[in-house]
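In the part that follows, the structures are each spelled out as C-alpha cells.
Shared between the two complexes below is chain A, which pairs with chain B and chain C, respectively.
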Partner chain A sequence: MHLLRLNLAVAASGFRRYATYRVATVAGVFTNTVFGFILAYTFIALWYERPQLGGYDQSQALTFVWIGQAMLATAALMGGGFQDEFHERVRNGDVAIDLYRPVDLQLWWFASDLGRAAFQLLGRGLVPMAVGAFAFELTLPSSPTVWLLFLCAVFLAVVVSFALRYLFALCGFWLLDAAGLGALSTLMSVFFSGMLLPLTVFPGAFGEVVLWLPWAATLQVPADVLLGESGGGGLAGLGFQLAWAVVLLVAGRLLQAAATSKVVVQGG
Partner chain B sequence: MAETGAVERGAPGRRLSARRALGRVAWGLRAYGFIAAMWVRSTMAYRASFAMMLVANFATTFLDFAAIMIMFSQVDALGGFALPEVAFLYGTSCVAFGLSDLLLGEAERIGRRVRDGTMDILLMRPVPVLSQIAADRFALRRLGRIIQGSLVLGWSLTRLQLDWTAGEVLLTVSMVLSGGLIFGCLFVLGGAFQFWAQDASEVQNAFTYGGTTLLQYPPTVFGKELVRGATFVVPLAFVNWLPALRVLGHDDPLGLPGWVDFAAPAVALLCCAGTALVWRAGLRSYRSTGS
Partner chain C sequence: MQEDAGGAVRDTDGAFIDVTDLRKTFSVRRRSGLLRRTSTEVHAVDGISFTLRRGEMTGFIGPNGAGKSTTIKMLTGILSPSGGRLRVAGVDPARDRTRLVRRIGVVFGQRTTLWWDLPLRDSYGLVRRMYRIPRARYEENLARCVELLELGGLLDVPVRQLSLGQRMRGDITAALLHDPDVLYLDEPTIGLDVVSKARVREFLLHLNAERGTTVLLTTHDLSDIEHLCERVVVIDHGRLMYDGALAGLHEVGRGERTLVVDLERELPPIEGIAGARTVRTEGPRQWLTFPATASAAPLVSRIAADYPLVDLSLREPAIEDVIARMYAA
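Our next item is the complex of A and B:
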C-alpha cells in the first residue's frame, strides 16, 4: 500500500514535470504534425501504387501514420524519456545516492517514466491525431471496447519501451561512454517499431521476423489493435505485449542486480 | 564609396565600412576554424567512441533510405519516379542538409544556453557570437550523414545513365552547395527564434529534419499546397526539387517558368541576407536569464 502510494506520487511528479514546459509541448505538437503530413503523403503515393499493401487499405495506412506520431513521444520511440538522465547519473556516480535510498531503482524510474508518458499521450498525442483525422480520411473504430483495448495496448507499449530502454541504459554501468549504445537503442526502436513503415510492409522472411521482436510491441501492435487487425479481437496483440513486458522487466531486474553488486561506481 | 571617415568616427559600432565588414567576416570564419579544430582535437582523444558515433550517425541516416528501399521492394515507382531518381533526390537532400548540419547544426542549442545563462559568456568574448555558437561542440561524427548521402547519390548517378552536359553537372554541384546554405539559414533562423521562445527548439526540427525528409521524395507525391508552401514560404524546393527535376527530365508540378530551376544560388544568397537581419534582431533582443 505504502509502495503503491509512493510510486503514484513519483508518477504524478513525472507528469507535472513534463507538463511544466508548455511552449516545448506546443513546439513538439507542431513538429509531430508536420512529420505526420509528410509521411501521410508518401503513404498515399505508396498505397496508390499498391492498394492493400501490408494488409491495410489506404485509410488504415494513414491512420497508422497518425498513431505513429501520437505514440512517438508517448513511448519515447525516437529517444527522450528517462534514459539520458539515468545514464548521466550512472556516468557521474550520482546513482550511488539513488541506490542507498529506500526505493527500488527500476520501480522508481518506471513510475516516473509512466508519468511522463501519460502527459505526452495527452499533451503531444491527442492534437496530431485530431489534425490527422481532420485532414485525412482515417479508419477510427466507433466501438468503445476497441478504444479501451487500444489504451491498454498503449500502456503496455510504454512498459515494453521502458523495459528496453532500461536494459540499454544499465549497460552504462560497464561502459564509460554509453552514448553509442543510446544511439543504437534509438536506432533499433525507430526501425523495428514500425515508425518508418508498418512492419507488415517489410518483405519476405525479414518481414516475418520483425513482427516477433519486442519493438513491434511499442507501435505496430497498438496500431493493429486500433485498426482491428490484431487477432482475437485485439487480445492476441495484448498477450504478445504482456509476454515481452514480463520477459524484459525480469531481464532488467537480473541485469540491475548484476550491475549493482559487481560494478564499482565510477570514482568510488 | 561609402567608406568615409565620418561614418567610422560617428558610429563605430553600428555602421562599418565595407573593408571592416569583410575583415570581421574573415575573423569570424577564422575563429570558427579555431574553435572547431579544438573540438576535433578533443573528440579524437576518444577514438573508439568517435568511431562508434560516426557509425551510429551513418546508420541512423541510412535507415531513412532503408525505408525507401523497402517501399521500392513493393512498388516500381513512387509518384512517377523510379528508385534511382528518388535516390538522386535523397542523395542531394541528404548531402546538402549534412553540410549545414555539420557546420551550423549546433545553433539549435541556443535555447539551452539562454536558459542556463551561458549565453552571457559568449557575448563577452571578442569573437562573433554566431561563430562561437556554430562551432561549439563541433561534431565531426556528423560526417556520417554526408558520407551516407554521397554514397546514395553516387549509386543513383551510376544507375540513372543521364547524358550529362556541363550545365547539368554545374547545376548538381550548385544544388548541394546552395541547398547547404538554405538549410544553414534555417538552422540559424531557428536559433535566432529561440532568443524569443527558449523552449521551442523543436519547432525548427519541423523545417530542418522535416525539410530534408520532404525533399527525399518527389514533389509529385505531395499535395500542391504543401509544394507551394515549400517553394514560396520556406524555399526548400530550391534545395533540390526544382533543379533536380530539370536534371532528371521531369515536369515541375507547379508549372513554374524554366529559369526558376537555376535560381537556387540567388535564393540562397537572399536567404542569407534575410537570416543575417533576423539573427541580429534576435541577438539584440537577448536579455540575460533572470532579468
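Our next item is the complex of A and C:
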C-alpha cells in the first residue's frame, strides 16, 4: 500500500515535470504533426506503387504512420525521457543520492517514466493522431473493446520501452560515459520499432526476425492491435509484449544488482 | 542503552558512530601504451579510526582528495569498505543500508536531492512518501525548517529558480524531514554568501541543541568549524592526522594568528614583544604573527602602550596552512 502510494506520487511528479514545459510540448506536437505529414505522403507514394505492401492497404498504412507519431514521445521511441537523466546522474555522480534513498532504483525510474508517458500520451499523442484522422482517411476501429486492447498495448509498449532503455542506461555504470550507447539505443529503437517502415514489409528471414525482437513490442504490436492485424483478437500481441516486458525487467534487476554492487561513485 | 521503535539496540558504549581501521581501495586504470592499460591501486581511505558520541557535532576536515567524501559515502552505505569495521547506530551501513537509511540525513553541498523542475513543496512531498513520514510529524518538521531557514516564500518556487543559498537551505530541510539521528553535511556552506552561511550555521547549532542530532561536517571553511564544532577530525591522504579539540589542532599544527596594526606613521618593525614577530611592513601598516593558542590581549595592550596605534584587526589561521605545518612537523 505504501509502495503503491509512493510510486503513484513518483509517477505524478514525472507527469508534472513534463507538464511544466508547455512551449516544449507545443513544439513537440508541431514536430510530430509535420513529421507525420512527411511520412504519410511517402507512404502514399509507396503504397500507390505496391498496394498491400506488408499486408496493409493504404488507409491502414496511413493509420500506422499516425499511431507512430502518437507513440513517438509516449514510448520515447527516439530516446530521451529518463534515459538521458539517468546517464547524466551516473556520469556526474548524482546517482549517489538516488542510491542512499530508501527506494528501489528500477521501480523509481519506472514510476517516473510512466508518469512522463502518461503526460506525453495526452500532450503529444492525441493531437497529432486527431490531425492525422482529420487530414487522411484512416482505418480506425469502432469497437470499444479494440480501443481498450489498444490502450493496454500502449501501456505495455511503454513498459517494454522503459525496460530496454533501463538496460542501456545501466551500462553507464561500466562505460562511465554512455552517450554512444544512448545513440545506438535510439537508432535501434527507431528502426526496429517500425517507426520508419512497418516491420511487416521486410522480406525473408530478416522480416521474420525483426517481428520477434523486443522493439516490435513498442510500436508494431500496438499498431497491429488497433488495425486488427494481431492474432487472437489482439491477445497474441499483448502476450508477446507481456513476455518481453517480464524478461527485460528481470534482466534489468539482475544488471542493476551487479551495477550497484560494484558502484564507483564519480566525483566529489 | 536505548531502544528505538524497531526494538534494535542503539548503542551500548556511547559510540554512535564507530570506525575502526577503515579502508577503501580503488583500482584506477591508466593508459600506459597505445592499447595497454596498467592498473594501480589508490588508497582513498587508508586505515582511519574514530568514534562519535551521540549528539556530538564534529568537523571532518582535510584538503581536496583527502578521503572525506569517500568516508562519508561509506558511512551512508553507498560504498562498501575494502577493509576495517564500520558501525553507525550499531548497524553495518553497507550491509544494512535500507535499515539505516531512515536514521541518517545527508546533504552534499555540490549536489542536490531536490527535483529541478518541481516546486520545493513537491520535492518534500516525495521525500515524505519515500521515508514514510507520518503527516503530522512531516508538517511539524517542515514548519520548523521553513521558519528557521526562512523558506516561507520559496515553497512554491521551482528548484531551478532558487539561488544557491536558497537551494542549500532547501536541501538541508529535505535531509531533516524524517528526523534523522545523524546528519552528514558535505561542504554545506560552499559558495554561500556571509548571510546565508550565518543562517545555516545558526540553524545547525539550534538543531544540535534542540534535537540532539549527531552532526558530521566536512568543510574547507575553518570558520564553519570554529562556529559549530568542539571537535575536529583531520585526515589527509586517507590517514588520520588529528582528532581532538580545535584549539589543540593549532597547537599540533603550530597555527599562527596574524595581528594587523595600523600606526600613525611609518615606523621601523615592531620588536621586542615576546611570542610575536613582525613578518611584513607596508607604510604605517605592520603584520605580526603569534601562536594561535596564545591570547591576543597582552600583545595588543603592549603595542597600544608603546606605539601610536590607530587601528587593528586579527586574522585566524587558514586550515590549509595548519595542515601544511602538521606535515612539516
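Keep this in mind: the second predicted complex is superposed on the first by the 266 of 268 C-alpha atoms of A that agree within 3 Å, B and C clash if a C-alpha of one lies under 4 Å from a C-alpha of the other, contacts with A are read in each partner's own complex, and residues count from 1 in each chain.
Please note the rule applied: a contact is a pair of C-beta atoms (placed from the backbone, for glycine too) under 8 Å apart; a residue touches a chain by one contact, two chains touch by 3 or more.
Keep in mind that what you see is a predicted model, and the values were worked out from it rather than measured.
Colleague: What does the overlay on chain A give for chain B and chain C, a clash or a fit?
Modeller: fit
Colleague: Once chain A of both complexes is superposed, is A:W212 in touch with chain B (first), chain C (second), both, or neither?
Modeller: In the superposition, A:W212 touches no partner, neither chain B nor chain C.
Colleague: Going by the contact rule stated at the top, is it chain B or chain C that touches a larger number of residues on chain A?
Modeller: Tallying touched residues of chain A, the top partner is B.
Colleague: Contacts for A:L6 in the overlay, against chain B (first) and chain C (second): which applies, first, second, both or neither?
Modeller: A:L6: touches chain C, not chain B.
Colleague: So after the superposition, what angle do chain B and chain C open up at chain A's Cα centre, nearest 10 degrees?
Modeller: Rounded to the nearest ten degrees, it is 90.
Colleague: Between chain B and chain C, whom does A:R17 touch in the aligned arrangement: first, second, both, or neither?
Modeller: The second partner, chain C, only.
Colleague: Is A:Y41 contacted by the first partner chain B, the second partner chain C, both or neither?
Modeller: In the superposition, A:Y41 contacts chain B only.
Colleague: Taking the superposition as given, does A:A96 touch the first partner, chain B, the second, chain C, both, or neither?
Modeller: In the superposition, A:A96 touches chain C alone.
Colleague: If you take every C-alpha pair with one atom in chain B and one in chain C, what is the shortest distance in Å after superposing?
Modeller: Checking C-alpha atoms only, chain B sits 9 Å from chain C at its nearest point.
Colleague: Please report the chain A residues shared by its interface with chain B and its interface with chain C.
Modeller: Residues common to the chain A contacts of chain C and of chain B are 21, listed in rising order.
Colleague: Under the stated contact criterion, what part of chain B meets chain A in this complex?
Modeller: For chain B paired with chain A, touching residues are 46, 49, 52-53, 56-57, 59-60, 63-64, 66-67, 70-71, 73-79, 197-203, 205-206, 210, 213-214, 217, 220-223, 226.
Colleague: Name, in rising order, each residue of chain C that touches chain A in their complex.
Modeller: Touch list, chain C to chain A: 26, 69, 73, 76-79, 97-98, 101-102, 104, 106, 108, 110-113, 115, 117-118, 122, 125-126, 129-132, 158, 186.
Colleague: Help me check something: in the complex, which residues belonging to chain A touch chain B?
Modeller: Going through chain A, the ones touching chain B are 21-24, 26-28, 30-31, 34-35, 37-38, 41-42, 44-46, 49-50, 53, 177, 179-180, 183-184, 186-187, 190-191, 196-197, 201-203.
Colleague: What does chain A use to touch chain C in their complex?
Modeller: That would be residues 2, 5-6, 9-10, 13, 16-17, 20-21, 93-94, 96-97, 99-103, 263-265, 268 of chain A.
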